[in-house]
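Next, two complexes with chain A in common: one pairs it with chain B, the other with chain C.
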Partner chain A sequence: MTLNKEQYTAFEDIVGPEYISSDPAILFSYSWRSGLYAPPQDFSPLFEAIILPHTNEEIQAIVKLSNKFKLQFKASSTGWGPYNDATAPGCVKLDLRRMNRIIEINVKNMYAVVEPGVIGTQLQAECMKLGLNCNQNGAGTNCSASPIVGHCGFGHLSQSGSYGERNQLALEWITPEGELVCFGSLGSTGAWFCGDGPGPSLRGAVRGNVVPMGGLGVFTKAATKLYHWPGPTSVELEGVSPSYVPTSIDNHFLIRIYSFPDMEMMDQAQRKIGEAEIAYELMGFNKGMAASNIATSNEEMLKLHAEFSNLLTDFCLMVIIGGYSARDFEYKTKVLNQIAIDTQGKSLTKISDDPEVAAGCMWRWLRPTASIREVFRATGCFAGEVGGTDVFRLMADYIVETAKVKQKMINDKLIFDDGAPPFTQSIEHGHYGHGELLIRYIPNPSNWAGMMDFMAKANEIAIKQHFGVPGHVFSDMQHDIYGPHVMNYHKWLRKIKKSFDPNGASEGSHHITVKE
Partner chain B sequence: MIVEKLSQLLGKENVEFKPDILESFSRDLSFVSPIRPAYVVKVKNLEEVQNLVKIANETQTPLIPVSSGAPHFRGDTVPGTGGAVIVDLSGMKRVIHISRKHRMAMFEPGVTFGELISAVAKEGLRLNIPLAPRRSKSVLGSLLEREPVVMPIYHWDISDPSGCFEITFGNGELFRTGAAAGSGTIEEQWAAGGSQKEAAGPSSASWYRLIQGAQGTMGIVTWGTARCEILPKLEEPYFIGSSNLENITNALHWLVRLRLANECLVLNNVDVAALLANNGTEFQKIKTSLTPWILFFNIAAYDYYPEERIKGQMEDMNGVAKKIGVQAVKTLGKIHANEFLKIIQQPSSEPYWKIRIQGACQDIFFLTIYEKLDELIKTMHEEADKIGFTTTNIGIYLQPIVQGVNCHCEFNLFYNPLNAAETDKVKQLNSIATRSLMEKGAFFSRPYGENTSLIMNRDAATVAALKKVKQITDPKHIMNPGKLCF
Partner chain C sequence: MGLEEFRDDMTTCCRCSACKFVPLETLKGYDHVNICPSISRFDYRAFSGGGRLGIGVALLDKQLDYSSPKLREIIYNCQMCGACDVSCKYAMDMEVLEPMNAIRSEMVKHGNAPPALDKMITSLKNGGPMLLEGNAGQGEWASKLGVKDYTKQSVQVIYHAGCRTRHDKTRWAVAQQTVKLMQKANIDVGIAMDEPCCGGRAYQMGYQTEAADKARSNMESINKLGAKTLVTGCAECYFAFKVLYDKFGVKGDFEVLHTSEFFNRLVQQGKLKPTKKVNLTVTYHDPCHLGRQGEPYIHWKGQRVPGQLIIFDPPKEFRRGTKGVYEPPRELLQSIPGLKLVEMDRHKEFAWCCGSGGGVIETNPEYALWTATERINEAASTKAEAVVTGCPGCESLFETAIRKNNKNLKVYDIVEILAMATL
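Let's look at the complex of A and B:
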């Protein structure tokens, strides 16, 4: 199916000829599937047209036309994963990159308002100039700064900066039928500081600990919480990527990677650091990620990985301390050192003894751009298992269990051998946790089949061992697997979808559809 | 006859229709028009609640869940229609689970603040509580109402400190929100190491947000979890008194932004006097001894080097105060900060502080940001002047929430309910001030009582969307009909 002339012209009338295309070269470029969950096929199904709207009015008109023409639409901002793709003919893409304004930064009440085309690094840079910071999607600051358009929204900064579901304030939502709904204070007063009410909060209908991934209309502006930034307003870098270091980072920062004898000790350290409220960042890290991040080439990464294998166990934490004053820094460092002693944490000397390596890592984890090195290093392609959210240890245990399945894939030589230790995230000073398992591979039919088998087993583990609904659960198929074990949530989710999108216009293959 | 069905289900002794009991639930201290319920039923467990909702659906009987004991203040538990059944959950008083390790507690709707504070304290934990709640207030009720709490640094999201809920929706279906949804039973989740702490989800909806703020219109919640904080090893509370509100909000901003203070709130001299005084004479004495604005905050330290932490944070706090041009003190008038801390870390003594002196209190509360406060307070005073309500008798409570992103602003109109003229003034002021404040940008995120329509009508798109949600959870509209936009 391709758009007929009437349809194409109608969309063109809305945005102008410059901002719509169905040129095959453009369509194929949007459907090239690389990076995250790249299958053996190079391309996903083509969109019928790519449309670049600029305003709410344009999006509302496009959405209403899509309903009228019985077409589907799928909006995306930065488009990281396969959930941005079309899954079948009959779908137009709304690329929101032209909606790229930072609308407001309120310093005293610590929030910012962004359009979806603003990326994390842009908002963070502007915030830092004002002594503030924003949480960043762990996938990197190349992702949208909007708290509702990333997948989960957890990241390196979540220890002190929470995550998308809890940073979200007021929101502008164009429903799948083209109505504009303004959440919270925005709908009643035009201000952005609150996303809840009057009465029950509609935030509950449009996202959980994951977002609907294009399957429930378009989010055109959002306000997000900001946090204190204890560092400098700007930082000079010396060198060129991949070999660069910040030269002017404040001396009230410290970075460490600690290795613990076992999970119990790592868990204790995570809780003690959380309860002491000393960490700016706290993540369960592993040797594969550390090696990839420090290295400037694949060869160096392999060398470092071998070196770290002798120094690090499978139970490591990456910690960044950020003191808002010399006194604060001194106190937090003292507490961290004591907790490391109490929990038998051993510091990785490559970080603690080499200021250049430490500074480079710190910058990549504060900005953060670290994930890019971690996931693309080695194979240029990655997948894995994205756990859910509850307490840190539960999520870490889930990853340990699924890592056993990953180890089998390593043994079968289907994927890159970077070991199989957990990669976890501590959130809000240890109150919550999240876990993931990174798998790096080169796409071909046999390892892709292995990957699908891995996902099935990861699902089985989550369900049978009560680890909650992982973040990787999207699509009708997966919801229908989990739902019967999880209070039939899939039926409730489908009711929301049906109520707000009776025509199924908002392409929901990676959310949920209106099927019976 | 529904009474037979109710008696069969719950036992005759738990179905009440004595006129005085029905009358007590027909009105509260708000200005909502009284409507007498048909019955008051006491439920003890989930099974009874589920069967009750089933009967209500079969007989189209309105149900009004009530967890807290009297006195009620906001009209949300007064029937909006005739023939309603009050579902009294106050007898469900189990504290189901407390985890020191995961800093959480699970409890039933009848558990009050006094009960839960002492239960979690035994485990080394504490709750983030509203300002001196009344003794009979249900913790779960407070969570469901998104009540502001006094420790803004631990209030990351407006829903905090809520975790998960078990709810029987209006359509009779049972659901558990967030991590509690599963898989598995709650016991199986505990055995796996889970803690029903993550409120969001499962997947891409957050049902707890649709239940909070709903005033019982979505279903009946039979337990909830709350996140707790650890008990400090040391605490050092202070006051900052000032007549300059901008200085006060600047200090608030930095105390919260740098995470320097646990409890942190602002009251005017009227509210401080109302909290502390036992009678009218004391009230006047305290009120006149204080500056117009009082910022109260508490510096706290935990397990590691508590003395060092307290000392350092006090230095930093003094640095902030100096820059702003204010001074932190331990005593204000004759009030010592340590005594005040004790008062706000517990439920109110009896009688409840808002009705102790005059007998009644009407609250007008909304959310805003610091920069709008001056104008909104001025608006409130102008409206009070027009009506002839003495502005110097209006209590004001400012609570930074969501880590200082929002400010809860509350006007407390203390009055004598036996004085008809005064009562009428308060009723009028409640109505006209709400309208004027809205026009100046006040956001009434939790609309109650007779101003609800005025507030909801401002946002027709949200109302339309909420009605779609309501249609999912309670298609026969049996849950507290007539409230909000339902």
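Let's look at the complex of A and C:
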């Protein structure tokens, strides 16, 4: 279907002719598929129109019109993942890139308020000027800074900076029927400091296990927690892309990649580092990840991977220490060294002994910019987003199990062979955990079929071995698989969707739909 | 190269949006995060590097038609500045700008290039310049300099002034100062009274055949002269002679240098001595075709190795903007007594484009001016008194933007600054 003249004109009257288009050339640029879980098909279904709203009033009007015309709408911020796409005809796209203001950085109460078009780099750079930092989506600082639009929001900084669900404070939300709702503290005091009141708290209802992936209205502003930053107000760099080296990270920082003899020792090290609360960043970081991050091309990555294969086991982690004072740094370093001794952690000297490599890695992982190198450069496509957020060891064990399935795909030559070491990370100093696999593939039909088989097996492992609901579980199909094993949560999720979106106007294929 | 040859590059795009932003390691605040003038101005994803690659795939798959007016608007509202290419290649092993050039070439073949370019291309084909305004006499600018005509006398150094300089009387002073500085350093320099157009801009506009023809005819005559060096003060001419001609396989048997490189060498060698104080705080604007696109062309012929990894046989070294001309102009400015150089947020390989390239100044002057205004505002934020650059195209548009926005900034060619301190 295509929008009829009345529909198009009605939308056009809201935003003006410059900010709506249904020209095929515009539509195809939005339907080019994401590299995340890329299928063999080059394009997803076309949207009926692309609309670029600038205000809440415009969004409300668009949403109400969509309901009236029995159309669906889907909003997105930076629009990276496949969940930003249409899944069938009859859907209009709200590209929120024009809503890109940092509304507030509240130093005293340590939160920031952003619109969805602000990217992580921008917020981090502004926060650092004030001695603060914000969590970043592990996919990179090219993602939105909003804690409710960038999927789960685990990342390099999550040891000290938590992740989306925990960072999300008050929200401004336009419901699937076009009502403007301010919730958490914003709903009563007009301030942004709390997502759970004293005003109405809808945090759990609107987030679900993961964010609604564009399937439950439009989140136009969000407050996110901020954290202390022990580094400089800005970082000076030398060099030219793709090789930058910071010159101004002070000597209160240290970076290490440790290799451990087995999973048990790595687990102990992660727990001890968490208990001591010494790490600014702590992340499982296997040789494939390290090689991809450091190298500036695939050719170089292959060489580094071979080099690291002789130096590292399959059980490695990356840790960054940041000291708030010389004594703090000295203390944290001593503790880290002792933990490394106790757990037989061996430091990769290529990182620790070369100041340029160390500084380069440190900055690339403090402002995560190399995730694209890590997961997409090898093949253009990535599909290892299988882990969830739960007790650290539970997640680690889940990834160890799913890694066996990855190894089978490697054996079958369906994906890039970078080995199958599990990648685990502890969040909030070990309070939570998360795991993923680095799975990179060329999206042809046979590889894609293998990927679907892998996902099915990952689900089977999660369910049969009681690992909980992983972060990749979105869409009717997946919720319907998991729901019966987890207190029929899918029925409640569907009721929430139905209550807020009785017409199914907010395109929910990547969240949940109102179908029974 | 045809668009089909870039299918693998285009389908490698993971839609990460890096092409829209400066390399993110470099950002120091909220402002100046954007690197692509096109999507910054027009907002739809289609106007980004990644968006255009998606469109390229749709064109190859015949899901889009080359005759579309909207397609022309998308493809030609882009300065081809190459910033998307640099930001993408911070992380990825794929071409961005090359497929965009190939799409333009297909647009020309399908007769859907903007009509505003027709006269320029016709002029080029007829041996004329690509700048139609002005036309103020071929060698008139040099009439009082006593400089050799390299088409009649042998010289060591050819000075190629470029159409934008020769045809605009307000730029003549820069060309004249260039020659005077060379004469002061006892350089055996010559110019052509009937200087040929380099044809480089035709390539950016999608007229690859016309650009290649021009390259071949130019090199046939220039190679015969036996000069050791060709110096130009125009970034686009520099790109043509240094990079594009090499790509076309007609690289000359002489060194191609920008005036900033050439004069920096002379200063370093002590052959020119900037002794007069120039009490100015300036910021330097890196022209796209001197900076990120000015790095040498890398010949490669091979294929992607089949399998689950993007590698090539033989290995392919990507042009990532790393080896552009960044330091010589800065060194030259720093050699000027009294002058203070301050950097804009976006500089070197991630400099914001001036706005005039890719035919935009001809096809959409309002957008060109918008882009230049962004740059002028960025320059003003450094508290510099003047913007210095090395391309007459940038200079001309900056002057217009400053005038229209009532800014107090001045614009200088880098040669003018050196002349102030030396002549």
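Assume the second predicted complex is superposed on the first by the 509 of 516 C-alpha atoms of A that agree within 3 Å, B and C clash if a C-alpha of one lies under 4 Å from a C-alpha of the other, contacts with A are read in each partner's own complex, and residues count from 1 in each chain.
The rule is simple: a residue touches a chain if its C-beta (ideal position, glycine included) is under 8 Å from a C-beta of that chain, and two chains touch if they have at least 3 such contacts.
All values reported here derive from a predicted model rather than from experimental measurement.
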Chain B and chain C placed together on chain A: clash or fit? fit
For A:479, select first, second, both or neither according to whether it touches chain B, chain C, the two together, or no partner. first
Touching A:55 in the superposition: chain B (first), chain C (second), both, neither? neither
### Message
For A:496 in the superposed arrangement: first (chain B), second (chain C), both or neither?
### Response
first
In degrees, rounded to a multiple of 10, the angle chain B-chain A-chain C between CA centres equals 140
Identify the partner contact of A:407: answer first if only chain B is touched, second if only chain C is, both if each is, neither if none is.
neither
A:197 in the overlay: touching chain B, chain C, both, or neither? Say first, second, both or neither. first
Check your understanding: Touching A:184, do we find chain B (first), chain C (second), both, or neither?
Key -> first
Of the two partners chain B and chain C, more of chain A gets touched by chain B
In whole Å, chain B and chain C in the superposition are separated at their closest C-alpha atoms by 22
In their shared complex, chain C is touched by residues of chain A numbered 19, 21, 23-26, 28-36, 38, 42-43, 50, 52, 78-80, 95, 97-98, 102, 118-119, 121-123, 125-126, 129, 139-142, 234-235, 237, 240-244, 296-299, 302, 363-364, 367, 369-370, 372-373, 376-382, 413-417, 440-442, 447
As the complex stands, chain C meets chain A at residues 11-18, 21, 23-30, 33, 43-46, 48, 50-55, 57-58, 61, 63-64, 68, 70-71, 74, 86-87, 89-94, 307-311, 315, 318, 320-324, 326, 348-350
Interface with chain B, chain A side, in the complex: residues 106, 108-111, 162, 165-166, 169, 175, 179-185, 187-191, 193-213, 216, 225, 227-228, 271-272, 275-277, 324-325, 327-328, 331, 334-335, 338-339, 388-391, 393-394, 397, 428, 431-432, 462-469, 473-474, 479, 482, 485-490, 492-493, 495-496, 499-500, 511-512
Chain B contacts chain A in the complex at 101-103, 146, 156-159, 173-176, 179, 181-184, 188-189, 191-198, 200-215, 217-218, 227, 230, 249, 253, 257-259, 302-305, 308-309, 312, 315-316, 367-371, 402-407, 438, 441-447, 455-456, 458-459, 461-462, 464-466, 468-469, 471-472, 484-485
